[in-house]
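In what comes next, subunit A is part of two complexes: it sits with subunit B in the first one and with subunit C in the second one.
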Partner chain A sequence: MTVLTIPSRRRAWGRSTAMIIVGAVVIGAFWSVDVNWARLADLPAQVMHYLWLMFSDPNWSKVPEALGQTWKSVAMAWVGTVIGILLSFPLGFLAARGFSPAPVRWSMRVGFAIIRAVPEIIIAIAILSVTGLTPLTGALALAIGSVGTLGKWGYEAIEGVDPGPIEATRASGGNIAQILRWGVWPSATPDFISFWLYRFEINVRSSAVLGLIGVGGIGDMLTSYTQFREWSTVGVLIIVVVIVTMGIDAISGAIRRRIVEGT
Partner chain B sequence: MSARGATVARTIATLDIPPRPGCQWKPWCAVGLVAIITVITLSPQWGIDFSLEAIARNWQNGAEKILQLLVPDWSFFPRTVPALLETLQMAVIATAVAAVVSLPLSLATARLTNPNGYSRRLVRAVLNVIRSIPDLLYAAILVAMVGVGALPGIIALVLFNVGIIVKMVSESIEANDPGALEAGRAAGGNQVQINRASALPDIMPSFINQTLYVLELNVRASAVLGLVGAGGLGLLIDAVRTFYRYDQLSLIILEILIIVMALDLLSNAVRRRLV
Partner chain C sequence: MRDVTVRYASGVVALKNVSLDIRPGEMVSVVGLSGSGKSSLIRTINGLVPITSGSLRVGGYHLESARGGELRRLRGEIGMIFQGFNLAKRTSVLNNVLVGRLAHTTTLRTLLLGAYRASDREIAFEALNRVGILSKVWDRASSLSGGQQQRVAIARALCQEPRLVLADEPVASLDPPTAHEVMDDLRRINQDLGITVITNLHLIDLARSYGTRIIGLRAGEVVFDGPVESASDAVFAKIYGRSVESADVLGL
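Up next, the complex of A and B:
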């Protein structure tokens, strides 16, 4: 009779060192950060108090103005997304393997990575000396921010395309433009449309935030009413933001699901 | 035999190019719709007033400022160090807390690991609401509640992260093979035991992956939370932007860039080892 032995546990030195390092970093951060943790004790009471101020008697008369400002934010997000798509689409091809020489490709990729590392609100601060405190600044900041992510997703989608149709187009004498149109575009379209919509969802959220530096939209309104401590209005604004964001997410999610499932 | 050959020949002769799939007008309709919405959003009375006039007017003065971005003010570096450290501390603490909180919540929002429909839907609904509020808005409100400093920033980041981690991890639970979970049930385990023994090892890679991703997001987000008074680099950004010190802003951006990219390299290395 053969004796079955339980296989011995693999010694995972790597894992335990990693755990120790992570633990040390986290503990170090907790220990060194300048925070009065005692304030956490009365946080639940504070939260209840402010939630009560915000939602017990919402100031519904502000709803029309809030909707108008939200529309402005959404418009900012839309324009930013459209400009971002127009810029990132050709750049995505320039960053894809097989469509451009290596130096161009790598400089594109580094460019996308740099943009992705900078928050949109900092982009907005950087360009507002030229564009001024207008919704246009917000839209342009979102557009630049979008180029970072859309460019990356774009070249990933292009490189992920099945090479068969591309080779077929090349074999039948297609030039680069024709290869893109007939070899790449038909199979990459669902991906592209899907992540364009996804980026629009992200931009809707960011546009609400951009108002903080005064470019207009719902963020502007929220900041000022928070500063005036008019909580009943802040409550209404939060409700509007949540409903509009969730509504746009739901619509865009439904479209994306239909496109990906190929109906 | 020959009759069959003739049928085949006839079929081949009548074979035509198959009709194009789908309707041709659909893509053009979509393009048209996008164009119409774009025109509306650009129009002065309905949308955001896309006028290039301001740009033309400010170009001279603005371009100088933007050029300053290319020449960082290195002497500003010592002043940025404490703020930078605080940003990193906030990011690490928020990520750690969010990871601890989201692990049980992700198990609670996936159908395979929480068969109870009511509790699942309740947790999902709450998280959907939490996710739809941007982190900076949390920070702005929390600053009013608990006062300025790193604390409101950390809480805002935790709320923002829990939404992301739970959504991604619970999706990856749903995508997993239910076989191991069924085996656990067949062996007589209760839901907690099943989750502990078979779901947890399965989702670990995706959980670590999301946590790393969130850490990256946090460094970027905590750099701007200070704009509303929630600590970190944002406070400095707010200070330099009011004085239009773009050479100092440039140094701050450079620091964020370096840290985000270093984290990106680190997490890529960890990810490669995980897979």
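Up next, the complex of A and C:
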């Protein structure tokens, strides 16, 4: 029998170091957070107490208003998503390798990354002074936030597209617009539509959170009734939000699956 | 083409001082080992690969100076067929064939679905009919077999109403009977329509039976150029730099 010479395995020092650092940060974070651990013991009882207040006798008469406000939030999400799509679509192409010069490409990418790093609620607060406490502020904040993710997903999808049809459109004399339309777009459509729907789902959830700063919609209503300590209404609002959000997620998710599989 | 040299950015010299005259209506087979520069030769002709030095005239165009719109007009008159078919798989056969009309249509029309002129669609239908797959016109490209996809690609090239068709290993991903059918299609467009056809092949028997002229490339240089009758096994041995093997023929 021949003796196998097994190549010595390279030790992943980088990985080990990273693990140790992450572990240290996690433990350190626990230590530094000033938590009154004694109160933790009360937590289950407190949670039960509030759950009881909210759901033992929900104020069903508020359902129509809650639905109306939820609709407002969904509309905010929808408008934000559509504006986000319109902005991110051309910008995504400008960020894709092979379709724009490097300086443009990199500034686009940095722009997307900065947007992704800022939560929508901060964006909303930032533009609040210009647009006021209106649903439009919420929609615009969501639109800007969407550009960050849709732009990134967009250029990644474009760069991952089958190069064959691109080459064929170029070889038959197509200009850059025609190459995008007939060489890139047919392969990228399912990805794009799927990203747009997914971002809409995210925006539906975010729109409820944006209500907290008072731009309207279900989040706004939720904050008010929490401040009034009208727990029976708060319970109804939570039920409505959960059902509507899950419903939209389910429908949009089903469409996305069909798009991805039906290709 | 005169003294054409192609050097890639990587420093590889793919073509060395190549001089060739190809007359309208010829059916040329370009043969050579992998890496000998066949694809590079074909791609310089429609400007997909820029020439480093030398001069190349195709139709009325000068490749060494052609840029932008002029290059696109030239490409519009040259059909190209690829080993991997290069169809947009998720769209219809018709949309794929209409890609052949891009250079002959305004950009605005081509960007909108279904805004092609009726005459352009007519050309597309005729092209599909010529390769015998008109019945598949509304099908998705991905639903077709390899041979059918390559015929769609030929129809796309025909749809350009080209004076020249370039084919880069058009049958290398097809099984032998289908390979013959596709080569027959190429021969027909050469004989019936008088279109010049330049085909890269690495299989000797295909090159012999479908070409009327054979160009042999070896390490970027033309080592043989002559009518198919004079391309004996000894000639192929010279092109390949080794004796001819059974793997060099398709058989069948």
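Rule of thumb we're sticking to: the second predicted complex is superposed on the first by the 242 of 263 C-alpha atoms of A that agree within 3 Å, B and C clash if a C-alpha of one lies under 4 Å from a C-alpha of the other, contacts with A are read in each partner's own complex, and residues count from 1 in each chain.
Just so it is clear, a residue touches a chain if its C-beta (ideal position, glycine included) is under 8 Å from a C-beta of that chain, and two chains touch if they have at least 3 such contacts.
All values derive from a computational prediction rather than experimental measurement.
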Which of subunit B and subunit C A:187 touches, first, second, both or neither: second
Subunit B versus subunit C, judged by how many residues of subunit A each one touches: B
Partner chain in contact with A:107 - subunit B first, subunit C second, else both or neither: neither
Partner chain(s) touched by A:25 [first = subunit B, second = subunit C, both, neither]: first
First (subunit B), second (subunit C), both or neither touched by A:17: neither
Touching partner for A:173 - first (subunit B), second (subunit C), both, neither: second
Contacts of A:61 with subunit B and subunit C, given as first, second, both or neither: neither
First, second, both or neither for A:164, with subunit B first and subunit C second: second
Common interface residues of subunit A - those touching subunit B in one complex and subunit C in the other: none
Residue numbers on subunit A that touch subunit B, as the complex places them: 14, 18, 25-26, 29-30, 32-37, 39-40, 43, 46-47, 50, 72, 75-76, 78-79, 82, 113-114, 116-119, 121-122, 125-127, 129-132, 134-136, 138-139, 205-206, 208-209, 212-213, 216, 219, 222-223, 226, 229, 234, 238, 241-242, 245-246, 249
Residues of subunit A that touch subunit C when the two form their complex: 162, 164-165, 167-175, 177-178, 181-183, 186-187, 189-190, 263
Parts of subunit C lying in touch with subunit A, wherever the complex brings them together: 46, 48, 72-80, 82, 84-91, 95, 99-100, 102-103, 107, 110-111, 142, 153, 156-157, 160
Residues on subunit B engaged by subunit A in the complex (per definition of touch): 34, 37-38, 40-42, 46-51, 54-55, 58-59, 61-63, 65-66, 69, 85-86, 88-90, 92-93, 96, 128-129, 132-137, 140-141, 144-147, 149-151, 154-155, 220-221, 223-224, 227-228, 237, 241, 244, 246, 249, 253, 256-257, 260-261, 264, 270, 273
